[in-house]
Amino acid sequence: MQPTPHDPSPLALLETMMLIRAYEEAVAGIAAGGSAPGTCTSVGQEAAAVGVVRALAHEDRILTNHRSAGHLLARGADPGRLLAEVLGKRTGYCKGKSGSLHISAAELGVVLTSTIVGGELSLAPGVALARTMTPGDEGIVATFFGDGAACEGVFHESLNLAVVWKLPILYVCENNEWQAFVHRRETMPMAHVRDWAASHGLIAETVDGNDVAAVHAAASRLAARIRETGEPAFLETLTYRTRGHYEPDDQAYVDPGELAAWRARDPIELLANRLRLAGTLDDLRLAQIRARVLAAIDEAAAFANASPYPELSELVTDVYA
Amino acid sequence: MSVITVNEAITQALAEEMRRDPSVLMFGEGVATKRANLVAEFGAARVRNTPLAEGIIAGTAAGAAASGLRPIVDLLFAPFLCFAMDEIVNSAGKLRYLSGGQFKFPMVVLAMTGAGWTVGAQHNHNLEAWFVHSPGLKVVMPSSAADFKGLLKAAIRDDNPVLFFMDLALGYQAGEVPEGEHLVPLGHAATLREGRDVTLVSYAKTALHCVAAADALAQQGISAEVLDLRSLKPLDEAAILASVRKTGRVLVVHEASRLCGVGAEVAALVAEHAFAALKAPVRRLTGPDVPAPSSWPLEQAFVPQAEGIAAAGRALVEQREYA
Amino acid sequence: MSVITVNEAITQALAEEMRRDPSVLMFGEGVATKRANLVAEFGAARVRNTPLAEGIIAGTAAGAAASGLRPIVDLLFAPFLCFAMDEIVNSAGKLRYLSGGQFKFPMVVLAMTGAGWTVGAQHNHNLEAWFVHSPGLKVVMPSSAADFKGLLKAAIRDDNPVLFFMDLALGYQAGEVPEGEHLVPLGHAATLREGRDVTLVSYAKTALHCVAAADALAQQGISAEVLDLRSLKPLDEAAILASVRKTGRVLVVHEASRLCGVGAEVAALVAEHAFAALKAPVRRLTGPDVPAPSSWPLEQAFVPQAEGIAAAGRALVEQREYA
Amino acid sequence: MQPTPHDPSPLALLETMMLIRAYEEAVAGIAAGGSAPGTCTSVGQEAAAVGVVRALAHEDRILTNHRSAGHLLARGADPGRLLAEVLGKRTGYCKGKSGSLHISAAELGVVLTSTIVGGELSLAPGVALARTMTPGDEGIVATFFGDGAACEGVFHESLNLAVVWKLPILYVCENNEWQAFVHRRETMPMAHVRDWAASHGLIAETVDGNDVAAVHAAASRLAARIRETGEPAFLETLTYRTRGHYEPDDQAYVDPGELAAWRARDPIELLANRLRLAGTLDDLRLAQIRARVLAAIDEAAAFANASPYPELSELVTDVYA
């Protein structure tokens, strides 16, 4: 039903972004109903997620954070098992023990998700180190984090170690202008995290995070360079969190003008319009895609809802290996 | 008396103390956003948002406290304290001593914890015992709106670093709070129920579960006393010992894990200093030694509930072994 | 048997395990500088210096452990763990559980602590109890060269995060260590002295003070059993209970502060599960609840010494109250 | 006996540097005898300490670290009370509870010394914040730390907060090329911490840390600017730790060539030679100064040795206010 993880055709990227949007809106609906409280959606940031994840190879590893649905779905995660996890069901990727905030899926190469802001940054060098010490392991490590995570000291510790030890890490900072209920402008003297990253002496770029093609191109270029040199690189996707920090959130603290301006640059519409102009998309085709993703999400919701909760005996398992 | 929620009690305590003492200020991630009322009354200099960095938030509080201010910092959820341990434990807790008493650290660290929001172990970890174990700190964890207000006000006035833990399940719980100035001194437990047969010692939300258990036990003809510790450091050892000397039996209950928890301290204290009065083994009923799960039924199973407490209390009184 | 120091035992354990398993590596601030022998044998990739940043050292260990390596990190002194709590507790301790068992964290964190070097509370803080209280971790703190070697080798082979605390006063202490492969499984206490009248439970350097106290008590006709816990998590509850059921009296001794310490756990355990066997109150003798001072006489007064232990043990046997 | 803290005349600076050197060598001697283990001396770094401290005003505050004797003595500390503290005596600045590693002297404005590397960086913003919120308090805060401390994430957290909150802090990084037993080169991709600092958007300079006049000039200029703007600044003093990390330390891990090159640039000899050329110093004058500082240190040692240890009752005092 979904495109395979590594089909980079524009239509495939579009369908994946639409799948993520539909998934997140479904989650928001569930949360509005009182379930899955505290879920953080990535609405508005789909291009930043899809553009990078689709630039990665099968053998690469991904570390992500609390706002991970886009990364997971772009990587080919089953929306049913994701929703099941969000609802704390036994069939979720983490048996319901994680819930929405730290979903890992080792089978997809999405490892060690932490909802501690900066957690993924502290773990990524070790994942990359293991790869450099494993003969024949060519994979790189992509770690996703926000502008807020860059304010944690461990961001700098992580970049410095990756540079000094030459670790193959693609640092992907999703700068969505928000750090929970605080605007990025209140927490940093400059507009871009890139300035901090560059001081560590690694390649550091920014890209329009709402333009999936631009993100995909930049991420592909940097990923290739990391494979070639074995050294880390930093990519900042400039985007915006158009829903609240978590569900539900009335966004009363958000400047309506800023929000409207970014909504006008919706990444899905940007790509759809471009494809329309290019003649590769028309209303019928778009409707077909929308129908497919909605059907996929309906199916996922049905699966998640029908899934059982874990046995109470699960409370004390998976603590020690 | 007026009836307000725990969250309202916290807001009242903050506003009253900031009104009373211009050296009180508050900062943290989203503090200014979420406490617009305080910004409006006290201004942006005294109510601040911060960058997302718990270490520097706590360190700045310690530095400010040693320099004449009385900072309150909101570190949001207890597991995030893991990024501020050096500043809290090595600096605020030790630099008075290591300097031979040259500095004091009047500061309050706020953090939420506890089951109820199904957000898992990186938001929900009851680690109050860490700070009880650490020198130079005080630790508070109330269960009622009145105590949240009175203890927070007392914590803000205390000249030492106070960790103020908020059991998140209690935020919207309403309770009677005395009108006007209401202070609850640190270091004093509260007897929520008088009883003769067994003492249930607890704190935070499980103290309320103990009250429910006491009601259930009363139905069965067992008279349980319920002690709410409220302050975990200083610990009201006298109140604990007095109650156990009266009832001869003690069951310590908390959501935090068992090993080296506050329950271990209370049990050891009793076995050491009320041994002669004990008619039965000391018992603990705690959360399991596992990270807090997200899944709702697992999260509920994580927390000692009234039924389990009542059953354990009854077994204790009946001198039965109880798993 | 050969007689080697604790430091030599540690070096042997590291070298033997790195020789045995190519996935074992070690890094930390100055590790490559101070362990040139390991660099020479195993190469710069497996024995590394790091930048001065405990958080990323521990986080890198956790990430590497979950990815097929078996890292050992030296964080130098226990208080520096305060900069690595998130990585140790929130990541290594919780992510196996939160991921539903997808990852494991075979890693060892080394840290020194304890009185003896007069460097004060920011280098000397016995905070092993924090990690006993935290889920998903194991904690070891040996007292003899043989146990340092055998437990470190076992810790390196363990598939879980192990905090390995080294009482710095023991570094140059020599002891007999079996030739060849010597492993000591985690979770087993050692009986250092057999006795009938009272059980002295301890670990690290104070276990040796307990042995000296037992000798003194023997002179006075009191037969003291000395239990060295060695592993604090998992805790050898069976051995503790068996000994107390035999002697009927227990004195728990450690340098760490009393409140919510390992002694509280042991005392609570005994009061809960060996209550019927107790002939006297459970007793604890611990370091004071203060930061560790630098001044030599104060630092020595901080540590439970043999005389005090013997006096407390004697009072216990004679059923006298003892402050 | 010693020059007053704020006499910036070259001879006063020279005498203070010589006092620090004599003090540190006395401490090293004591440590060689087995007492005061773990003491960290600042031999070779005297100019970096004196040049900055003498640029500060009486009302300014200083935060320092484990290598603090130079800062304290330059500020006018009594070497007797310092040595007494190092020996754990009751007459020390901290009643013997600190020992050598965290000596604070509030009466001198030297506050909250921490031996946790980075500790002073986490505390400095709060000290500065208190000053900005205290009407009529014009003082600035100088915080001393090493190149190693700059590798701790809290370095970046501290600078970022100071910039965002406009805190009057002079960050003084003493880059002595060593981080205990690890060379700076192994821990950072570049030679200077300044590059990291500058990315936070504050004025960041380096200066020859062995040239006391240059350090004094740079620190005076930056301190004046901080007073004027209320905003933080960063100064990196490029110097070298010519003794071991702590006492005793055989420095077997140190490159003899590098060590010799730096010893050839000894900050005291640099200034002495300059003053000789300028005609303001001759052998007689130098001998007089040396005699004065040695007498001061002898007196200090006699005081410290004669001082009693704390009463055992002191073990449990000064824990709570």
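Letters A, B, C and D mark the chains as written, and numbering starts fresh at 1 in each.
By our rule, contacts are C-beta pairs under 8 Å (C-beta built on N, C-alpha and C of every residue); 3 or more make two chains touch, one makes a residue touch a chain.
Nothing here was measured: the structure is a model prediction, and the numbers come from that model.
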Query raised in the report: To reach chain D from chain B by way of touching chains, what is the minimum number of steps?
Result: 1
Query raised in the report: A-C or A-B: which has the larger count of contacting C-beta pairs?
Result: A-C
Query raised in the report: Distance-wise, how many Å sit between the C-alpha centres of chain A and chain D, to the nearest whole number?
Result: 46
**Report entry** Separation of chain B from chain C, taking each centre as the mean of its C-alpha atoms, in whole Å
**Finding:** 29
Query raised in the report: Between chain A and chain C, what is the separation of their C-alpha centroids in Å?
Result: 41
Requested in this report: Report the inter-chain centroid distance for chain A and chain B in whole angstrom, where each centroid is the mean of the CA atoms.
Outcome: 36
Query raised in the report: Which residues belonging to chain D are in contact with no fewer than two other chains?
Result: 95-98, 102, 114, 116, 118-119, 151-154, 157, 160, 164, 186-188, 319
Query raised in the report: On chain B, where are the residues touching two or more other chains?
Result: 50-51, 53, 55-56, 79, 82-83, 86, 90, 97-98, 120, 122, 135-136, 289-291, 293-294
Query raised in the report: Among line, ring, star, complete and other, which one matches the pattern of chain touches?
Result: complete
Query raised in the report: In the complex formed with chain D, which residues of chain B make contact?
Result: 25, 45-46, 48, 50-51, 53, 55-56, 58-69, 71, 86-87, 90-91, 95-106, 135-136, 159-160
Query - Contact footprint of chain C on chain D as seen in their complex - result: 36-38, 88-89, 95-102, 114-119, 148-149, 151-153, 179-182, 186-188, 253, 309-310, 312, 314-316, 319
Query raised in the report: For chain A, which residues count as touching chain D in their complex?
Result: 151-157, 160, 163-164, 186-190, 195-196, 198-201
Query raised in the report: Which bits of chain C are touching chain D when the two form their complex?
Result: 29-30, 33-34, 49-56, 79-80, 82-83, 117-120, 122-123, 288-291, 293-298, 301-302
Query - chain B to chain C touching residues, read off their complex - result: 79, 81-83, 85-86, 89-90, 93-94, 97-98, 120-122, 125, 127, 129-130, 132-136, 233, 235, 256-257, 259-265, 267-268, 270-273, 275-276, 278, 280-284, 289-291, 293-294
